[in-house]
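Chain naming follows the written order as A, B, C, D and E, and within any one chain the residues start at number 1.
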Amino acid sequence: MTIETHASELTVVDQDEPILELVDVGKSYGNVNALRGVNLTVRQGEVTCVLGDNGAGKSTLIKIISGLHDYTDGTMKMHGEVRHFGSPRVAQAEGIATVYQDLALAPLMCVWRNFFLANELRNGPFLDIPTMKRVCGEELVKMGIVIPDLDRPVGSLSGGQQQVIAIARAIHFGAKVIILDEPTAALGVKQSGVVLKYIAAARDAGLGVIFITHNPHHAFLVGSHFVILKLGHVSLDAHRDELTLEQLTGEMAGGQELAELSHELRAVDPGKVVEAHTVAPGGVSAPVLDQDELSGMKDV
Amino acid sequence: MTTATVTPTDDRVRTRSAISSTLRRPEVGALIAAVVVALLFLAVAPAFRSVGNIGTILYGSSTIGIMAVAVALLMIGGEFDLSAGVAVTTSGLAAAHLSWYFGLNVWVGVLFALVLSLAIGAFNGWLLHRTGLPSFLVTLGTFFVLQGANLAITRMVAGGVSSNSLNDIDGFGSAHAVFASSFDIGPIGIQIPVIFWIILTVIGSFLLLRTRYGNWIFSSGGDPAAARAVGVPVTVTKIALFMGVGFCAWLLGMHNLFNYNNVQSGQGVGNEFIYIIAAVIGGCLLTGGYGSVVGASVGALIFGMTQLGITYAGWDPDWFKTFLGIMLIAATLVNLYVKRKADAR
Amino acid sequence: SSGGRETGGDDESGGGQAASTPKLTVAMITHAAPGDTFWDIIRKGASAAAAKDNIEVQYSSDPDAVKQAQLIQAAIDKKVDGIAVTDPNTPALAGVIKKAVAAGIAVTMFNAGGPDAQSLGVLGYFGQDEKDAGVAAGKKAVEGGAKNILCVIQTQGQQQLVDRCDGVKQGAAGATTTSIYVNGTDDSAVTTSIQAKLTEDKSIDFIVTLAAPVALDAAKSVSGSGSSAKIGTFDTNKELVAAIQNKSILWAIDQQPYLQGYLSVDALWLYTANGNTIGGGTNVATGPAFIDASNIAKVSKFAANGTR
Amino acid sequence: MTTATVTPTDDRVRTRSAISSTLRRPEVGALIAAVVVALLFLAVAPAFRSVGNIGTILYGSSTIGIMAVAVALLMIGGEFDLSAGVAVTTSGLAAAHLSWYFGLNVWVGVLFALVLSLAIGAFNGWLLHRTGLPSFLVTLGTFFVLQGANLAITRMVAGGVSSNSLNDIDGFGSAHAVFASSFDIGPIGIQIPVIFWIILTVIGSFLLLRTRYGNWIFSSGGDPAAARAVGVPVTVTKIALFMGVGFCAWLLGMHNLFNYNNVQSGQGVGNEFIYIIAAVIGGCLLTGGYGSVVGASVGALIFGMTQLGITYAGWDPDWFKTFLGIMLIAATLVNLYVKRKADAR
Amino acid sequence: MTIETHASELTVVDQDEPILELVDVGKSYGNVNALRGVNLTVRQGEVTCVLGDNGAGKSTLIKIISGLHDYTDGTMKMHGEVRHFGSPRVAQAEGIATVYQDLALAPLMCVWRNFFLANELRNGPFLDIPTMKRVCGEELVKMGIVIPDLDRPVGSLSGGQQQVIAIARAIHFGAKVIILDEPTAALGVKQSGVVLKYIAAARDAGLGVIFITHNPHHAFLVGSHFVILKLGHVSLDAHRDELTLEQLTGEMAGGQELAELSHELRAVDPGKVVEAHTVAPGGVSAPVLDQDELSGMKDV
């Protein structure tokens, strides 16, 4: 049995040299400038958390790093060398493994085939199917889900189950840098916990991790660095020593109102009984937004 | 917490019986459909019952099946090849013209045709990749271009619309033996393309299900963006699939050339659809990402049996196409029905 | 090696000087599907006449009558000097042919549409009557002792081909005639279909095919199925002549396609240059004539050039 | 917080200039491609330059365009119709046979043909829905069935392979005037199908872009599962689209019948691809959910111009198909290029 | 201008009669029994929260209610009448609006067309495009996102932006019952807040709301009833009066460990520097799971 790996040597890099460095990177899709002048440094043994509003450009950023899109401005350096990855395959050969938000699995292919896609185990020229099934099942159990029939097409699994498979795959094959785009969004409490533990484990194993999330609590649990994107710009870039969870939450759009929201909603007696109604289109009145919220929104 | 209640698996999932897992495979439905079609013709067509005719049916199916194997792989990989029919003719013509015009050993022509066929396949794949056009359009372009070239070059080289006979050129005998011989197994006369067909089916099936490359094919067809994102070389995979079609076109082209001694430049037009039909009857999805090589071969068998069976049964030839259409739909419905029943168990 | 192209020797220049009359442009529009050997011989005849008469022939074809009509219209638009046209479907094409005549273009017809040629006002018609040819074939088959004849149609829904088979049926008095359709663009499909038919009906003792390549496939089917059926066919080509010589095919009906192509172009030149009409405007029959073992030697010489 | 810094929109999005928004529309690329093709032939084909020939070109294009409009709508709705070509013939034959056999007023036949054509379309849609098979297979079945029926019934009714002439049956004159008349605009002779084509293009385009039904078509093709989930009646929409193809097949079938006086039973085979090609050149996606009716009409114009242009230019007919293939790919690439350039602005 | 609505009458229903009632409902997909013996009651003017592990059957449950799948066991009653909705269109005609987890928008269609899909505004026979664009833009602004060019295909929007459009649409056209399947999963902090407020507003307007989420905090902010699914069974069904947030969290799989997790991860010095490494497949060791976690997992 041969285990193929794109980066088999264990390299020890000088800790101060970042493995990946983005300088003034910009990206436009036609008339949309999704990213503008973004600077980002990824170091091995650290978790870089990228946070930001919907549409801020987080996914665009990681798609550039993982070779799915090319950037249109600035420079990206890997090990100090300017790189344009032509395809995700090139990026992977450099040791970058990514869990995308929307691109994950071929829905008609079964679980184990998806798990090992592009990293198949072979026995001579042929696939080593028993081993692949075993490894795949084990890895999924480690992530906290059991899928009894690994020959089921992934398209028939629940959203969360699919997400777990994608994460398990990236972590299993992970090389120098692991990128996770909102990995816990579709996950239950238990699976989220497992994923966070894995992120910490990966960091401790000396990998560089980029972790995108909307949940400041999750970010603060594992993050070493925090980058907040706003409308394609970096609006905050701080080490965790420079920041508290409260500050981080406050920096996120809408973060300030989070606490108020709880009060506001709790104030509405949740046990109260209202008269049943059928409501015509537009009949649900929009919640009253206060001045702060309104101006915050207009910034978007 | 006690460990007594621990259940290691999700008890909601019933393990499938071996039989129902088997029935779910895409080729099994096609096989059952083939049996149904065969039974029908056995019942209505006396000539169909004679063992000696198996050879004819297999031969008729093999000339579809050789191409259907490659076309099915291509379709599972998410692409079409509308030039597959004329490419067979192009390959035959290329070999014939080169050998005849320069008086070279036919094997030189055969090799040249192989290179040309692979090159056409590679060109299709490359153009697809470069332009980003759908393969329907790209290969439609190739289809027209080859059709014109077949005719025009044949007129230029051979001075007519069919290639000249190669009987008396060196190497004809050995080439004929390789590409167009036949032998008997008991009462059944087997032509060599039947053997090619079976070998290709086995290789194609292994390739698809038991090699890394098969995984890439499934994913390139099922979700090319996702496949690319996880590092599958989608472009290379697709180009190779087109070249596979080129290879099979060459094989069939050589058979046609040496079995019928010459190739007419207008031949092959329309056959591309028969190959696609065989693949679809055999359970391949038009949208890619799902299907089976064995299924496609069985699809070719169903098509071949139906085509000849209608003649064996002596049904009114005016209604030939109507019978054909109904039988094909019926066979596909049997396939679908088996799959649904198996899924629901 | 012994085979291959004969290097050196004659180019098919045909010799002779081209006529000194001003250059004419002639459109030849047929209902042929591209790549058919029969039509290729017609084109050769047309080019030979064109070379002799200082004419440029622009050939085009479409088996669909609606599209053929559009091609004729395009020729009228181009203001060519003459049109040589086949008319497989008079109701559909009559309008546009008359339009060409009315536009003052010299028009000849050939190969198909003979009965209507005079009513359309064209200069002449060169061809055979399909039905008559069929009848002759039927008679000839029965003379050879045929009891059960199979007529093989290689394209569905073409009137000319149906006429031939109907003629065979009519001519083959005392024998039964059945027909089947085959996919003419695929040799193996043709071979296996005929073979299947021969096993289905073992009493078939004669096969009439309507094109030369189909006849050659039929010969394969006969040997493959162990049947003893004999084969006669419409039209010839190089390989077919060889097959008649080695007796795997009994005879061929020759409608002299070379002559059809030649005359339909030459007649246009004669008319334009000198006001002549061949046959005085009545139909000129180019067939049917039989090629069989008795006269094959004469024909084979020309067949090698691809003109018979 | 001050409101001075408030920006009401996301400043990352540049508003597109009117011109670049226009260029992004799917039909504009096709229009530019049409202009390129026209310029090419104007340069090389003297006959192409004569104004009088515009009528011929428009007429040739209209017989493709009438069907391309309906086929494009169907493709945007995510389905194919391989029976579209023979359905035209079926419609013409039905009208001719009914009127001739029973000696009825031709208008009875015309109406019968309309009902039949719509029924065939509805049947296609219904079978698709009931069986869950891809439309490629379902309509392929219909294609074969109709092809056989056209031949067999014609031979039964009319005794030959084409319908009998209707000239002397009641109502022929008025039907001819409606379906097959022509008139002159200055030096240009316009045949009535050109008018049908233009009207259908306008109606189809309005339907697609300005009515609720158009929204349903886009969504049924783009993501049928999502469309169904939000309450779009996907099945009904698709059946209606198939019936639309039936309607256009009837219109063209009637033109063919009354313009050429009879219909040959083998006609129309293969034309289904020309309709699809026109739609694809015009920017429709084969996978559905995107495209334009005007684009498909322009695609038909490109195809018609190319076909006649090659004849007008007097290029070697042996290479006809090759020229055609190259021109079609080139036209599609121009279309794509325009769209990409516009997208990037 | 006509505004079409499938349920235009304002009906006042007796408060005690549930609008929707599922009794012993089961659903199997081939050999997978996704739901077994589920009982659920939806009342207008209440928010019913459905929680549960990944793959528990939450999405399956709501797909049954919204007519996308039929149930294979038990009965579903609407207004006391047994119903099998043949299609989502039928369910909508009955006043059930749904935001699905995975089925949402036609990616090639532009924003406003997607927003009004199947609920188009018309002016005579024609679409009233200006009004639709205006309303769509307004509704999105109310949800806290601004999409400047409503003619962009939704496929080019970020995951969160797409999710917001789907939610805005359901709320805008909402009739008697609104079902939201993990609506806040892909959303930022601010948008999540807005969605929660909308849920409360819908409840107060007298609609019945079914809210699926993995976040017990979100659920507890707005929920009146809580249903927890485990492996296709209902494992808890309680009114908010009977429950505290802590209890709710505890009932969810992995909920108990949530607090521990924080400690555990925080204990790992986040500022610590590890040696950089490239790791071969399987090289990231799985986090150590304690006995509790393991047995919890095996229940899945």
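Here, a residue touches a chain if its C-beta (ideal position, glycine included) is under 8 Å from a C-beta of that chain, and two chains touch if they have at least 3 such contacts.
Everything numeric here is computed off the predicted structure, so don't read it as measured data.
Novice: Return the chains shared as contacts by subunit C and subunit D, ordered by label.
Specialist: Where subunit C and subunit D share a partner, that partner set is B.
Novice: Chain pair with the most contact pairs?
Specialist: A-E
Novice: How big is the gap, in whole Å, between where the Cα atoms of subunit D centre and where those of subunit E centre?
Specialist: Averaging C-alpha atoms per chain gives centres 43 Å apart.
Novice: If you average the CA atoms of subunit B and of subunit E, how many Å lie between those two points?
Specialist: Centre-to-centre distance between subunit B and subunit E: 46 Å.
Novice: Averaging only over C-alpha atoms, locate the centres of subunit B and subunit C and give their separation in whole Å.
Specialist: Those two chain centres are 34 Å apart.
Novice: Taking each chain's centre as the mean of its CA atoms, how far is subunit C from subunit E in angstrom?
Specialist: Distance between chain centres, rounded to whole Å: 73 Å.
Novice: Two or more other chains in contact with one residue: find those residues in subunit E.
Specialist: 31-32, 55, 119, 146, 149, 298, 300
Novice: At least two partner chains per residue is the criterion; list those residues in subunit C.
Specialist: 34, 156
Novice: Show the residues in subunit B shared as contacts by 2 or more other chains, in ascending order.
Specialist: Where subunit B meets two or more other chains at a single residue, that happens at 8, 10, 13, 15-16, 147, 151, 155, 270, 285, 320-321.
Novice: For subunit D, which residues are in contact with subunit E within the complex?
Specialist: Per the stated touch rule, the residues are 8-10, 13, 15-16, 21, 206, 210-212, 214-216, 218-219, 222-223, 225-233, 285, 289-290.
Novice: If you look only at subunit B, which of its residues touch subunit C in the complex?
Specialist: 45-47, 50, 52-53, 56-57, 59-60, 63, 99-105, 147, 150-151, 154-155, 159-162, 164-170, 172, 189, 256, 259-262, 264-271, 304, 307-308, 311-314, 317, 320-321
Novice: What residues on subunit C touch subunit B, complex-wise?
Specialist: 1-5, 7, 12, 33-37, 39-40, 156, 179-181, 183, 185-189, 192-193, 195-197, 199-201, 213, 216-217, 220, 224-225, 237-239, 306
Novice: Going by the contact rule at the top, pick out the subunit A residues touching subunit E in the complex.
Specialist: Interface residues on subunit A, with respect to subunit E: 3, 5, 7-13, 15, 19, 29, 31-32, 43-45, 52-56, 59, 95, 101-102, 119, 135, 141-142, 144-146, 149, 156-161, 163-164, 171-176, 182, 185-194, 196-198, 200-208, 214, 216, 221-224, 239-241, 249, 252-255, 257-258, 261-262, 264-266, 268, 270-271, 273-287, 293, 296-298, 300.
Novice: Please output the residues of subunit E touching subunit D within their complex, sorted ascending.
Specialist: Result: residues 66, 68, 87-89, 92, 98, 100, 103-109, 113-114, 116-120, 122, 125-127, 129, 146-149, 151, 169 of subunit E touch subunit D.
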